[in-house]
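Order as written gives the chain letters A, B, C and D; numbering starts at 1 within each chain.
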């Protein structure tokens, strides 16, 4: 496995077109696009890495996997009253579907859906409290108490978050929110600003590759049934209107973030985190996707056959 | 395995809500909704069945898996100039996406996409010739020369096919068609009217569960890589705007037809055909979906974990 | 008035950007774009013209005014069961609105609406009979028995009419059509292919400027109330998604055709026909619109004030 | 004229279905739906009224006519960089069109358009200053210094203004706003909360009926050309997706507000204000529309003919 990740890192280093770093959040725009990291965590608890695997990056939308898991724990199946579980066929920040479907987002991984999930888990708590809980949950999953929110990124998001504010107010206008829009947006912007490295991220996703059970910490995070369902949502909706392409090329459940990270799950086999900040036109990490494609070719881990 | 399929058939027989038989094609509307069949074909060539597994039914949109496979063989990657590979988020017969995206269907499994595939494979041949080729291909996959087109269903579809005619003329208006609209629609209506039973259908899908190789006939139908990609498209788009729900509940690549059949693939493990003519509101077999959900619970075959 | 139309024709002759002749109907594409004609018919029956006012051109969508008038005569208010009376905000050939509103076109002047009107007036007659009736009605309005259908244009439209065929089949798929789609389309393509000159067209529109009464023939065509309503529809919807712009600049009810003609009505004052085959990007006559803008500036005929 | 307005008020008093008072702004919901008022201002400066013509009501969206007029005075034709001038075919608060057209509203009378106009006229001033200027402009038009903003309504709007906040943030996300979203919304909510009676409103609209000149105060408010254009926008877009219906039935440029008021302009003849708080399903005053329909029948004032 170490040989495989080394080969992948080496091939990625030689690529000349590394995509474009996200510019709409100023704090993200200053990241060096040449960086690449990959970590593969196996069910036996071992983690194999290559590239700058200890460099922290903004996990952004990958955090939606963790808040969905938390929301399922708190609300159970009532989560599906707030968001659907179908791909939207639209970009991550589209509002058209919301108008046609009375403010209910198609799935928990488009921005509107994750904002609705943020509202659902606040449950009358203060944003600070719920953020502490989200952060504690991610630390627990990654077995690493050092994980923190990058406040500079969070503030940068708030200053440039008009599109997300529009989505939130739109849903609120249907009477669907239980908390003030500002509290919900604050929670959302902050959990998107959690900084992790690929080792931490691959470890945090291991419960999804291992039937809900984290072999490193020994904790049962969710039931095996729930792990399957989260994986299915990641495959169907984890890359917005590029989800079909990711399934076609990589063949694994995955969730991308505009910070350039991707968490991918090979059920029963591995949890994989890749990071490279250059994005393709849809907003997914360019080298990250290529690295995962290479990985499934080398390992035969695609869920669709060897 | 025989015990599992018997149990499933028995449980399905006891269900009282069996869905509604498709009414928009008159010839389909006269089918008895109480029928149920399941066949599971394994890579060793054995087939386990329960229910009325030798009763013929109209495979309808399941035929799109076979025409896509044929098109990939004839045109290779040029197929993707004609159709995309993303879920549409829209019903099977929606035209909105076509207008927004200049006549190119989102994927080969929505009606517009399958009609575009029909145009692509005609390649200047007569509709009769191409239909003979499609039928021969299905017989070859199922290893059964008796498979035929139900001409009554085909005529019934033609008489009530205004929505499909609208989709076809719409695409043709962008100059995207190489053949006359009538020839394309005739081909499409006829391949949707192929009649099969679940034994034949499960056998015909076996190459997708077995890395492109049919263990019964010994033929390599497609490369293992292509088999994976067809499976990924089935998972993402095989149940229209119910694809996410099917992935969430069943967790297998699958393709449904309004005749009540579903072909599902457990890569490396099995090709499964179910049939029950009652449909849910989205147009997928109600008991068929429940039977597959039960099957993956009993077998742990979900691609998303045990 | 003669001086005014002469001045306008002279100014139009000096314009260098005369727009682009419609190319999607081959037979229309061969028209010389430099031509311009204007005719102003007054309630006293006098007609003032300049330019090539006796040259025949294809009236295309202007015919929709005449078929709507005929449909109102035959069906009365039941016409509004078939089409709405709101601007669509969409291009002339859009199908998106039809899907969102279950096959009912927004108004009688978008293509789908006019096709629905064609279906409504056939009422079980043969297309030939109804075409003869439409033609007879236009001759009666224009007081000119020489007016005829240009069969070459009609055939050219039929050969390139996929978009209109798509609209028609789409509506038919909702069970909204009383006649075969081919008969309806044949009727539609032929009434769009009526050839007239600006003198004939201005005369034919005079009843709308004169409270429903044609002062030349002495016939009462429609009630004054109905004339008002037809005028309101022309203002709101007569130029597709350029209707607001036409109201803003010209300020008169008007109906354009892709042949380059426009019929405009100054209620109580005049019926005006202009023709110049070069179109703007929305599909309305470029010089024709400019000529009408100039005319309302010179005459103070805008319905919105002097 | 007094006889006509008395007859209309009397007929309206006898109507049993008076529509439903707007409920989404709580402060508007407590208004008594049985009230009706009409005032007709003539170019000679005389005003004829019936009903409770001195009762103040919230003018709501009618204020958009005044802010557009102000914006045209401040920015001239540059206003059209911010908003289009086509009917949208969508409800007043739709966001779909904004996503399809990159944040530029179709016209200045849908909510998004009026919010964009509010941003355009602030021009770096404090919201308080610009509100004072808007209020001063309305007083100047109505020749009545007593006109004021109803602060209770303004606060009520702010508390329930999520949909408008969504529209504003959406446009801001395209970088189209020059001022903070909160300042723009505050301005918008307050100018919508101006309270007027029908006498004041009819007087304030008189410049539009009189080629830009207010005969009572002697002021030239706008050029005759600009008055025409504002009238054309009112006709095309003044009643949202009910504009076609209003043109069809009433035949006058008009602008409605959810407070139940309508300002209608008969160019060259009269400025008319009606008020009755019960609304139809589209959000326009039910009795107000019927009263105007009756008025144009009795007077022959429709711009589309007598």
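Throughout what follows, a contact is a pair of C-beta atoms (placed from the backbone, for glycine too) under 8 Å apart; a residue touches a chain by one contact, two chains touch by 3 or more.
Protein names from UniProt, one per chain: A, B, C, D = Glutaminase.
It should be emphasised that the depicted structure is a prediction, and the values quoted were computed from it without experimental measurement.
Shared contact partners of chain A and chain C, listed by label: B, D.
Simply put, of A-D and A-B, more C-beta pairs touch at A-B. Note: centroid distance chain B to chain D, computed from Cα atoms, is 55 Å. Taking the mean of the C-alpha atoms as each chain's centre, chain A and chain D sit 47 Å apart. Mean C-alpha positions place chain A and chain B at a centre distance of 32 Å. Residues of chain B touching chain A in their complex: 84-90, 97, 106-107, 208-209, 211, 224, 227-229, 231-233, 235-237, 241-245, 247-248, 251, 253, 267-268, 302-306. Partner chain C is touched in their complex by these residues of chain B: 94-96, 98-100, 162-163, 165-170, 172-173, 181.
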